[in-house]
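Both of the next two complexes hold chain A, though its partner changes from chain B to chain C.
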Partner chain A sequence: MNTASQAEVSEIDPSARCTLTLLIATALFWLVVSGVLALLNFIQAFTPTFLADCPLFTYGRLRALQETAFLYGWAANAGVAVALWLLARLGGAPQRSLNWTRAGTVFWNVGVLAGLIGIACGEGSSAAGLHLPGYIQPLLLVAFGAMAVPGVLAWTGRSRPVTFAAQWYAVAALFLFPWLFSAAQVTLLCAPVRGVLQAIAGGWFVQGLWTLWLAPLALAAAYYLLPKITGRVIPNYDFASFGFWTLLVVGGWTGGRHLVGGPVPAWVVTVAIVSCTLLLIHYLVVAINLRGAFGQPGVVLKFVGFGLAAYLLGGLADAVTAMRSVAVLTQFTWFAQAQSQLALGGAFSMIVFGAIYFLTPRITGQAWLSTPLIRAHYAAAGLGTVVLIGSLAAAGWVQGHDLANASVSFADIAVHTRPWLQTAAAAQALLVVGNALFALHFLRSVCPCNAGATTLPFRQPPTMEASAS
Partner chain B sequence: MSAPSPHDPRLEQAGATDESLLAAHEQALGKKPDDKAHYKLLPLALLFIFSGIIFYAGTYLNHYSGGYSAAVFDENGHPAAGAAPAKIDPLVLGKKNYELVCTTCHQATGLGVPGVYPPLAGSEWVNGSEERMIRIVVYGLKGPLHVKGANFGAAAMPVFGKVAGSGYNWNDEKIAAVLSYVRQEWGNKSAPITADKVAAIRAKEGDRKEWAQDELLKLP
Partner chain C sequence: MRNGLIFFVGLFAALLASWAGVVLGSNAQLGRLAPYYDENEGKAFPERAPGLAARGQLVYDDLGCAACHTQQVRRPGFGNDKARGWGDRQNVARDYIHQTRVQLGASRLGPDLANVGARKPPYDAEDFLKLLYTGNGGMPAYRFLFETRAVVGQVSAKALHFTGALAPAAGRELLPTRRAEALVAYLLSLNNAYEYPEARPVEPAAAQEGTKP
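Right, the complex of A and B next:
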């Protein structure tokens, strides 16, 4: 048994223990912070007087704060952790230069903290997804470069000549984020482009953050975890590279879907609509490749399956709501919030939760402490996400129809959406509780004082048989 | 100790080693020839679905892109129909350009500055031969000039046309507009000048230096 557990827990994982623990712990901290901020924000949406007298937490600033804490606090740290881990495993060698990641993580998180304080003090920028004050952003760019160094080294120095889909997505995400982030800083903050171009650049960035950064990170985890746990070859794997390149080439063109009906040349929006449709090819390939994740036993694949379902549904929703006739109703309503929750909270977070549940025992060398806490987290996260997205979508639908009807006053629209927003706030509260439980469970499980608390052994995994596929 | 469940939530067991995972997927990439013709239906169906999506996307792009014109904001608009250049009144265009450039010397009153800049109002040059008038503006004029009974020792009309050495590069339409404006303002009552006429003269003369009074007087 001892040899078996040594083979599964190779030197690859424990050597990264300190770094990955730091990344995931900070990520979970920001996840809970952003969840609490989002909850306050939802309460303000149906109780406008709540915190309205406190300049640090007015509705607009709170909205920017929770979005920034989620994207740059939770998603960035957790995504980098998962990408580094799977690149090292698939590269077949322990990670090198982890000092870079540790230093980068410290600077990144200090930067995020300073940026959040800056936003609360009213120094944030107005571009969606880029609310951090302009003076903090170059620091984050450099810090991200440092954090990603071991991932790039694991890719270039991989001991096996063959590559796997999970590696493509992870490496692409590590390289694409600095590109998106630096281009957005230049075009929106340093030397802002003028007029209409600014809206186009903003739409490109906020959409690119999802399609070119967070979606590839989540897909990298899903593509690795599914065959790793089931032990079966991904069906129709020869299509995977096609799906990958479709996302990379077409994904960046979908930004204009936020500008339907806006003061931009018609072709910008049309190209975005067409790109959303073409991305269906990518979603179809992902669905065929990863369909095995649905209905699997085991908590990791339950999270991955949930996230995958949200990912595919989100792709379909993007394609449908990008249509001009549908966008007329859904744009600028809570429906857009529901879509972004579907992508960020439903797809990205759930898949990354699964990855964290799988990788943590391997970096610490011992199992999680509590089964009930894991089940509670899954129940809270799953139920919270479904109800949150459902109620936001319903609120958006009601709001969109009311807005299109000139005889309904704004006050009446607020009354009509109120019950749905209250439901959303309740769901968000449930999410916060679930994620806080997860954060505490993680901290207790990695704490050295609990070493040896569980004695579950690692099994030596069997060899994967090449299928006839 | 009993064998742990493979799906204990606290420790998800791996179903394959990383080496075999990579090797098996490398093999799945269809490196083997399909000599027994076991063509799978799924790829074929996907081919049709992908083609359908691409066909739809291409058609939509073709119909609603407004010719990729930066000036078309309505997806149903077409640059040829919707954004046709509006008919510009030559007098408006002429007045605008006169006030932008010509007033510096000839003044808003068209009277010029006695002894330095010749007047346009009531000038026999302005109201006279189209041939001479167009040549002066397109190619410029240098040397002494006699206008309305007064002598101007060293007139220096700049080069305005789209010709070599021009600092303004005005197109024929603009020149015709300014000339037409000048010929009906301040009590002048001469026929407008067309852009075609300007183009014809420019084609005939090609590139040349500024005109002098004597040369111009030889022309009709």
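Right, the complex of A and C next:
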């Protein structure tokens, strides 16, 4: 082992092998589950008779199921895994108290499973992002607290007083989620606020989930991976803290963007529009800092670059569609779905895929088994995401224009959007195949029985990247 | 950012500020919104829905109807909600003060239902039940909300009468379950016809006239 690979593979990584593998494996399981549920949901959108006789899978419940499996199954597990890993690395010490994470992960995933069964049986709530039954949520809150313990210890016990942007984002996500989640539980489920205030609190929560939890998790990975792989400092790094605080301070105020024209005080919507526009400063800072991720060789940076492009585009789309004159067309249509896919599937998932491709060989000491499989995953995920978002946006555009014309009936709107929804379903199927391949590849690559398969457990850093150029 | 304490306080303050601003701020404005008492009619609006309708809202909630139907009419001139016959005025916060689970919805794969109980031509309970049983265009049929059973004595007054392929076999009858009845009672209760002072329609044409010198 030469010095370069020693720097690449520190003794910090193997300590967390078992825990992080567990987190990522469960995350990938839920990713595939939510993909299949989303596929069924899309088929229902253009074939209403599909599964209509099964009360467990009405269109509305399936929609809630796939969203919950994605957010609390895939995004939470994978996000925590990436955050814990990079906090330990940047903290400069092996992870401590990983038992907490393992126990928390088990309880979290049991909770998610029970919650999904509860939603299918009609126990869920209708608040976006918070469909899980009320009785599951305290369990998830405690389990998340346990999962995040090593992250907090890695922050407080860090060997350097100076901190990095990746650490700020990761710590912010781990620290803020419990507060966000419990505030939403109290105001929406335990002691529901009155009337339309529920919709306002729900909007605050669902935007907070993105701007204060998932976006920071993805950005933490991006801010860590880019300089690590390219070996160059982040340009204009001084602005990074400005971008960070802009997201954190302004992000929570964007909730009203879902309520344009609704029965809520006009200032709620206006504040959201202003905040969405102010957030453009944050996106600009991210673009300046991380512009080096575009056009780089190596599979990790390809995923990260794709995800960053989706992140920036999503921020721009949020700012534009929050405007009242645009929202009057796009609101209540598939366009909103396209935007959430852009954020969750395009930005979050792709960046986290990149991070998993980077960290897995380092924690297990085993290289990825097959470069063609990685290429296939990138092709399927990239193409699937682009086509899915494009066709949903087109469906939304058609639907928005039809809705604005009172002489077009809903049956006609269904006919007009049908080809786009069929395209979206095909893209979703491609995504499921790609992600299932990734899950199998991951399981085979981390399996201890394959330990001898690679002659060099610690290969040179560039090869370890499984550089599919 | 060397000082961890200030960092955490900053994070917490950022979250708290947005929560206080958006949720507590609007709560301060609307949390005590009272029904509007109309002296001419001698009662207060919005009226409380009957108990069966309140249960029907839970059915609406757990089936996920809000995934396709909104319950928020936008003001005339902003979108085309009035022309589609969904309501003559925009919904206001006061319309929802008695609802335990507000179902504003975020997607219109189907029509807005804020005033579906006052729909023209009028729908009665049987029309709604038949719609739920057969489905309509993009809307799936919810057959699991109905049961077919053998006729004992007389045919039940609640039985649905279909002709042709949908008609139940001889000696059997098609009945809505309690859930279906509650759901329909809820749909029939959705009616925001009363015009509050703050809900007078703001027609764009009228606004233009007002700005003329």
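What we mean here is this: the second predicted complex is superposed on the first by the 449 of 469 C-alpha atoms of A that agree within 3 Å, B and C clash if a C-alpha of one lies under 4 Å from a C-alpha of the other, contacts with A are read in each partner's own complex, and residues count from 1 in each chain.
The criterion applied here is as follows: a residue touches a chain if its C-beta (ideal position, glycine included) is under 8 Å from a C-beta of that chain, and two chains touch if they have at least 3 such contacts.
These numbers come from a predicted model, not from an experiment.
Using the touch definition from the top, say if A:Glu123 reaches chain B (first), chain C (second), both or neither.
The second partner, chain C, only.
Should A:Arg89 be classified as contacting the first partner (chain B), the second (chain C), both, or neither?
A:Arg89 sits against chain B, while chain C stays out of touch.
Thinking of the overlay built on chain A, is A:Ala191 touched by chain B (first), by chain C (second), by both, or by neither?
After superposition on chain A, A:Ala191 lies in contact with neither partner.
Would you check which partner chain A:Cys449 touches, where first means chain B only, second means chain C only, and both and neither mean what they say?
After superposition on chain A, A:Cys449 lies in contact with neither partner.
Once the shared chain is lined up, is A:Val271 touching chain B (first), chain C (second), both, or neither of them?
A:Val271: touches chain B and chain C.
Considering only touches as defined above, state whether A:Val162 meets chain B (first), chain C (second), both or neither.
A:Val162 contacts both chain B and chain C.
After lining up the shared chain so the two structures overlap, which partner does A:Pro55 touch, if you call chain B first and chain C second: first, second, both or neither?
Second partner only.
With both complexes overlaid on chain A, does A:Asp238 touch chain B (first), chain C (second), both or neither?
First partner only, chain B.
Taking the stated contact definition, name every residue in chain A that is touched by chain B in one complex and by chain C in the other, in rising order.
The overlap between the chain B and chain C interfaces on chain A comprises residues 162-163, 263-265, 271, 324.
Give every residue of chain A touching chain C within the complex, in rising order.
By the definition above, chain A touches chain C via 44-45, 48-49, 52-55, 58-64, 122-126, 128, 155-156, 161-163, 168, 171-172, 175-176, 179-180, 183, 187, 192-201, 203-204, 208, 212, 241, 245, 248-249, 251-253, 255-256, 258-259, 261-265, 268, 271, 324, 328, 332-333, 336-337, 399, 403-406, 409-411, 413-414.
Taking the touch rule as given, give the residues of chain C at its contact with chain A in the complex, in rising order.
1-2, 4, 7-8, 10-12, 14-15, 17-19, 21-23, 26-27, 29-31, 33, 61-68, 70, 72, 74-75, 78-80, 83-84, 90-97, 99-111, 135, 137-144
Per the contact definition, I'd like the list of chain B residues that touch chain A in the complex.
Residues 1, 4, 6-30, 42-43, 46, 49-50, 53-54, 56-58, 60-61, 64-75, 77 of chain B touch chain A in their complex.
State the interface residues of chain A toward chain B in the complex, per the touch definition above.
Residues 7-8, 89-90, 92, 160, 162-165, 227-234, 236-239, 263-267, 269-271, 273-274, 277-278, 280-281, 284, 288, 297-300, 324, 357-358, 361, 367-371, 374-375, 454-459, 461-467, 469.
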